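The structure under discussion is supplied below as C-alpha cells; questions concerning it will follow.
Just so it is clear, A, B, C, D, E, F, G and H label the chains in written order, and each chain counts residues from 1 on its own.
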C-alpha cells in the first residue's frame, strides 16, 4: 500500500493520500494526522512521511488499543493517554503561554488534547480544571494568573456556560470548546455549542464539539501571529 | 355566539368553550385566558364568565391594539402594557415574596409577564434586570436581598446562562425561563432552553420558551404550598 | 492522582477536581457525584473527599459492574440497584413527604433514582407506578393520598402526558421528568420533553430527560424552602 | 389560461392541471382543491371542472379575502368562515356519525375544517370543544354520547395529550390531528405530533399538523368502508 | 417482586405495575406487553396476570435470546421469530380480512409484527412484500385482491412512498407505517414518516416508526368497528 | 457605486463584486445573477457587466415589483412572470431536449424557473404538470414522449414521491427538485428533500429546495456533456 | 423460504421478494442488492435469481464477516474489500470514463464503492484521493486529466467543500456524495450534505450520505445517456 | 423611564439596565448596544450613559427607520447605512490591520458590520468582496496583500466554504462568520455554520450566524492581545 513517496509541487503522493508538505510554510501549522477511522497502515504511512519531511509528526484521536502496534512501527513515538495523542520528534519552544480551562472533570479528555497539542507546538500551558459555574468561587480564586496568556482555551459540556463567564473577566481572546459531556437535552454537545455561539459576552471563537485539537490550532495561530 | 352559561359538574359550557370553574379549588390557581390567537368575542366571553364566577379574571398575551375594544366591553379591566396582561378584580395578598430576575433588557417583556401574574396572584415581587453573566458584579452586588424569596424566576435568552449561576448561589428554588431573545444559533430560544435543561447546577425547573406566565404559576404553587 | 486536599476559600483542590465544600451552605444541597463517564479513581477520590468533609456522599449513574470495586475502596458505601446510586453516611430526616409517580414500568429506573435521592436527602417518599393515561382509573383510584406531599415528581416517557393530567388535579407543585423510554418519534425522550414544556396545565417545572436526580434536587429545595 | 377540457383516460387536462375525474370511483373520495397558494384563476378553473364532471366541488384553506371574487365566478358556491371551506353542490347523506373533539378553543379552525368536510361528504358530526386534559371532568361529563360514532377525530395542539386519553376510553377508532397552536417548545405543532405518534394508547392514526381535511378523509373512508 | 394480585376497580396491582384488566371492555383491545426494556421477571409477571384474567396474553418486541427462559416460565407460550411476538392462548376469529404490504424485504420485521398481531386478534391477513415504487408493476399485478380488506397496513422505509401510491388506488383505509430502514438522510425513519404525513393522497393514518403493533391495533379497531 | 470595470485575470472587479467573466469557458455555463436580496443597483451593475462581456445576461428570483425599474435601466431585458427570470440577449440553440415535470400545480413556479433557464440556455423543453402519484394514470398516459430527453427535471413538494416513480420508468437521468409546497410535517420542503435523497430508485441527483435554476444547470451540463 | 421462482409480468416472485427482472430494459441499470440488514439467505436467494436471469449480479454494503459464507453458496462471486461489494458475472465495457475524487483518506470506502460499481457497469474509472481544500494545490496539480470524463463523482465528509470547488473548474457534470466522516457538528454527514445542496457553484447533483452506489448509478445513466 | 444614574461597584443602574461601565478595563472592549428589539428610549438611555462615561458609544443592528429619531436625541451620532451601526465619539487608532472578506455580494451587510466595528475600535480594515470558491482565481489574484493582517474575518453564506480555503493559505488566524444568505437547505445559515465548524482546515474560530460584531470583537481582542 505504501507507494514510493514523490514530491510534486508541495505534496507527497503516497497513493492513498497526498501529504501536504508545504502546510507549515503556508499556515504556520504542520499537517496533523486525525487517526480516528484510519487503519494502522494509513497512520504509519502518513506519520512516517511527515516525520521524514520535517522531523515532527503528531496524531490525535489515537485508539489506546492500537498504540503498542503503532509504536512498534514508529520508532521513538510517545503516547499521551489522557489526550490520546501520539507524537514523534519535537518543535522549538515559542516562549508563549496559553491557558486551558475546563468546567468539569468529565471534560478532561478534550482539555488534555488541547493542552498536549499546544505543548507539542512549543507553548507553555497553564491549566484549570473543574471550575464550572455552579461554584463560581473555584474559578475566581486564582484567575489573575491567567491574564498574561496569549489565548484561553475554555472547555465545557452540558450547558456550556464557562466561556461566557471567562470572556467577561479578561482581555485575552477566548476559544470555546463545547464537549459532548452530558445527556438528554445536552444532545451530545449541541446545547453547549449553541450556548457558546449565542454568548452574550462578545469576542468568543467557537470550534467543533470535542475539538481540543482545533482549539489548540487557533490558539497557536493567535500566539505566533504577532 | 354567547350561549347561556350552565353549570355542569364543575364547568361552565359557553358553547365555544367549557370553562373550568372548579380549577382554583383543585389546583390552587384560577383558569387564566391565553389571549393569543383568540378572537375578541372569545376573550370577552371567557373573561366575563370567569369574573362572574369568582370576581377575578386574568388574560395574558393580549395584543395592545385589541385592548381599547376589550376594555370597552369588560368594565373595570386594566391593561399592563409591558406584561401584555389584562386583569379584572383582585385576589387576596399572600404575604409571600418571589424574585424575578432577567439577564438582558430584551428579556423584560417575559419578566414583566411573570411579575405581573405573580402580583395578580397576591405575591410581592422583587425585581433584578440586566444582570447577565458578561458582567457578574451586577448580579452579585445586592444578591443577598433575594435570599428570602419563596422562589426565584430567572429569565434569560441567548445562551441562557443566568439560572445556572443563580442556582449555585442560593437555597431558593430556581425557575428558569428561556426567552426567544437572540438570533442565529440562539434559534428562537432553543439554545437557552437546552442550556437550562442541561445545567450543571442541580434543582432548576424549566418552563417553555417565553413562558413568563407558566413560571409565575409554578412559583405561586411553590409559594402557597407549605 | 490524589493530591493532598487543601481548603482554599470554599473548595478542596484534589488535582483533577475542585470539590465545592461550601455548596450545602449556599444551596441547601450537597455536591453529588455524577459517576457516568468518570473513572473509578475519580469517583473514589471525590466521594472520599466529600465524605471526609461532611459525613455524607452520594453518587448517581453508577455502573453496576464497577460497584464491587468501588465498595471495596469506599468502606460503608451501599448500592441501590434500581436507582444505580451509591451512598455513604446519612442526612437527618426532614419530616417532609414527596410523591414520585411514573407512567409505565419502563420508567422505573428514573423514578427509582428520584426516590432514592429524596430518601438520601431525608424525605419520606410515596410512590405510584404504571399509572399512565391509557387507563386513567389506575391514577384516580388513590390519588387523594398524594395531596399532602410538598412536591410531586412525575416521570413519563413516550408521549409524556402524565404530568399534564396530574397538574390538573392538585395544588402540589409538579416536577416533570421526561424519560428516554419509547422509540421512533419518541426520539429518546424529546417527544415527552416537548409535551411537558408545552403542557396546557400551568405550573409544571421540567428537568432534563432521564434526570431523576435533578427532579429530586428541585423537590428537595421546594420542600425545605418554606 | 383555461384551455378546453378534454377527457383522457380518467383525467381532464385543463392545461395547468390534470384533474383526476376518476378519483371517487377508485378511492371513494372526490378530488378536493387545496386552495392555499393557488391563484383565483386556478381555483376557479379546477372547481368548475370538478363541478361540471360530478355536480360537487369542495375547496379547503380558502383565504377569506378571496371569497367574494371566487363566489362571483362560481355560482352557488357557499363559504364556511370558521372552516375556510368553499363548497358547490352536495353529496348524498350517508347516515353515519363521526365525532370531532378539540382540546382548546384555539384548535377550533382545524376542528371546524374536519367537521365541515365530513358534513360535505354526507356524515352527521357530533362536536366537543375545549375538553383538554387540564380539566378532565369536562371530557368525561358526556363522553358516552360519542361511543356510537364510526370514528373520532381528536384535535389538539400544545402537548397533544387528548387523543391518548380518548383512545383509552373507547372502541371507536381515533384519528389524531396535531395543531400548530402553542409557542416555544410546541414548535408549530411538532410537540403535539410527536406526542400523538408516541402515544401509549394503541390504535391511533395520526395525520399532518393542522390537517383537518386529511382527518376527515380518513374518517370518511373508515365510515363507508364496511 | 411479584406481590399478590388484587382487583381494585378495573386494574390488578402487581407491585411494579397496575395491569389494566378493564381495557378490552373499554377499547376493544386487550393490554399487550411491550417487552423491550423490561426484565424477564416483569414480562412473566405481566403476561401471567393478563393470561389469568382473560385466557390471552401477547407480548411484542421480545428479544430472541430471552425466549427460552420466558417459555420455560410461561407454559404454552409460542414465539413468532420474524415478528418477535410471544403469545399465550387465543381470541375468537373475526371473519374480517386486513392487508399487510411492505415496500422492501428489509421492512419485513415490521410487516411481520403487524401481521402476527392481527392474526392474534382473530383477523385473516393478506400479504404483499417487496412491491416498492421503483418497479410499480410488482404492486399493480394483483392489487385487486386487496380491495375487499377492511384496512390496508402499508409498511415502507427509505422515502416512504408506497402508502401514497396505494391510497390513490383504493377505497380501503390505509394505515401507513414508516420503518427505520435506510441510512443517511433517511434518518432512522424520519424521511418516511414525514413523507407519509405529507402525502398528497388524502386519508392516510400514520403510526410511529417501526410500529407494526400500533398499525395492527388501528386496523383492528377499524375492522371491528362497524 | 459603479466603479470602472477592469479585467484582471478572468474577472471584472466592479467594486461590490468580482464578476467571473471566465466562467462559461471553464464550466460551460455563464454566471447567472441570483437577484433575491440584492439591491436594484447591484442587479443592474452585474447584469450590465455580464451583458457587456458576452451579449447575454440572466437573473433569477427577480421580485415582480422591481421589474419595471430594472427594465427601464436594462434596455431589451424581458421578464418571465411565472419563472421570475429576467433575460438579456440570447444563446445559440443546442438541439437538445430536456423534460420538466411537476407533481402539483403549486409546484409550477419552480418548474417554470427550470424550464425558462433551460430555454435561455438553448434547449427545447417538454413539460408535464400535475402528474402526482395520487393519480398515477395521469403520469403514465403519455410518458413515452419523455424517453428521448437528455435529462428529466422532476419537481415535487409535499412527500416528494414523483422522482422515485419516474426514475423507475426510464433510462434518462432524473434530477429531483424538492419544493417548499406543503405545510406542517412537510417542513418547507424538508420532507420532499429527504424522500428524494432516500429514494429506493437509484440514480437520482437532488438539488436544493425550490432550486429550479440549479436543476436546469445540471441538466444543461448533462445535455452538452457528450 | 425459497419459493419456486415464477415470471409474472416483469418480476420474479421468490416469496420474500419480487425481483424486478425488467429493470435494465426500463432504466438502463440492473437491480442491485443492498445487503445491509438482509439475511444471508435473502442475499443468496436474490443474487441467484438475478444471476440466473441476466448473467450478472451485484451486491453492496456486504459485511466482510458474511463473505466466506456467501461465496460458498454463490459460485464465482468475488468480493472487493475496500468497496464492500460482491459481484457475479460481468457486463460489457462501455468505453466511457468517469472520475471519482475524494477529499480525505477517511472518505475512501465511499469512493471505493462508487468506483467499483462504475467498474462493474463497464466504465473506466479515474481516481483522485486526499485532494481536500485545506491544500488546494493537491487538486489543481493534475486536474486537466479529468476534463474528458463523462461525469465526476466527488466524495467529501466534514464540511463537504470539494464539489463546490470542482464544479467551478469544469464543464463535466459533478455528482456530490456527502460522507459521514467527521464528528460533532458534522452530524454524521449532515454538514456536508447541506453544504453540497447549498453550493454557490451551480449544477451539482447530490445523493444521499455515504451513497457511493447511488452516485455511480447516476454517473452511469449520464454516461450512457447520449 | 430614565432613572438617575448611579455608580455602584462598576455598573450604572439606569432602572431598566445595569450598564457595565467597567467592561473596557476588564475585557479590552467597551459595552456595545445591540439595538434589535430595544425601544428607542432604551437605546438613547443606554448610549447616553455609555457616552457620558467614556466619550464613546456604539450600537449595532439599528433599524434605518429609527435613525432620524435617534440622531435627534443623540447629538453627534453618525449612522453607517450598510453596517446598520450608530456611533458617538471615537477611540484611538491602534495601528493594526484586520482583513474582512466575503464570499458573495449578499454577504455584504454582515461584512460591513464587522468592518465598521473594527474601524470604530481603531483598526485599519482591508476588504475583499465576492471572492467565493465558484471562481477561485478571484480570491487568489491579490491574496498576498492580506498576509500581514492580525486576523482575517471571513464571511460566507450558502455552503460556507470560503473560510476553509482561506485558512489553508495563511498563518493569520481566521474568524469565520456564517451568514443567513441562501435558501432551502441553507437553513438560514445553519449549512454554513456547520461547514465552518466541521472545516478540514484547522484553527478557525467560528461566531454566530450573521454576527459581524462578534467577529470584530474577537479580531480586536486578538489584535490588541500581544
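Annotations for the structure displayed:
One rule holds for everything that comes next: a contact is a pair of C-beta atoms (placed from the backbone, for glycine too) under 8 Å apart; a residue touches a chain by one contact, two chains touch by 3 or more.
Being a predicted model, the structure only gives us computed values, none of them experimental.
Using the mean of the Cα atoms as each chain's centre, the chain most removed from chain F is C.
Taking G-H and E-G together, the chain pair joined by more C-beta contacts is G-H. Across the assembly, the mean Cα position most removed from that of chain A is the one of D. Between chain D and chain E the centroid-to-centroid distance comes to 27 Å (mean Cα coordinates, whole Å).
Centre-to-centre, using mean CA coordinates, chain A is 35 Å away from chain C. Note on chain placement: the centre of chain D and the centre of chain H lie 50 Å apart, centres being C-alpha means. Computed from the mean C-alpha positions, the centre of chain A lies at a distance of 44 Å from the centre of chain F.
In chain C, the positions touching at least two other chains are 23, 134-135, 167-169, 184-186, 193, 197-198, 201-202, 208-209. Chains that are in contact with each other form these pairs: A-B, A-C, A-G, A-H, B-C, B-D, B-H, C-D, C-E, D-E, D-F, E-F, E-G, F-G, F-H, G-H. Of all residues in chain C, only 8-11, 16-20, 22-23, 34, 36-38, 42, 46, 178, 180, 189, 193, 208-211 touch chain A in the complex they form.
Here chain A touches chain B in the complex through residues 103-104, 132-136, 158-161, 164-165, 167-169, 182, 184-187, 190-202, going by the rule given at the top.
Taken in their complex, chain E has these residues touching chain D: 23, 26-29, 32, 150-151, 167-175, 193, 197-198, 201-209, 213-214, 217-218, 220-226. Against chain G, the residues of chain E that register as touching in their complex are 105-106, 108, 129-131, 134-135, 137-138, 141, 181, 183-186.
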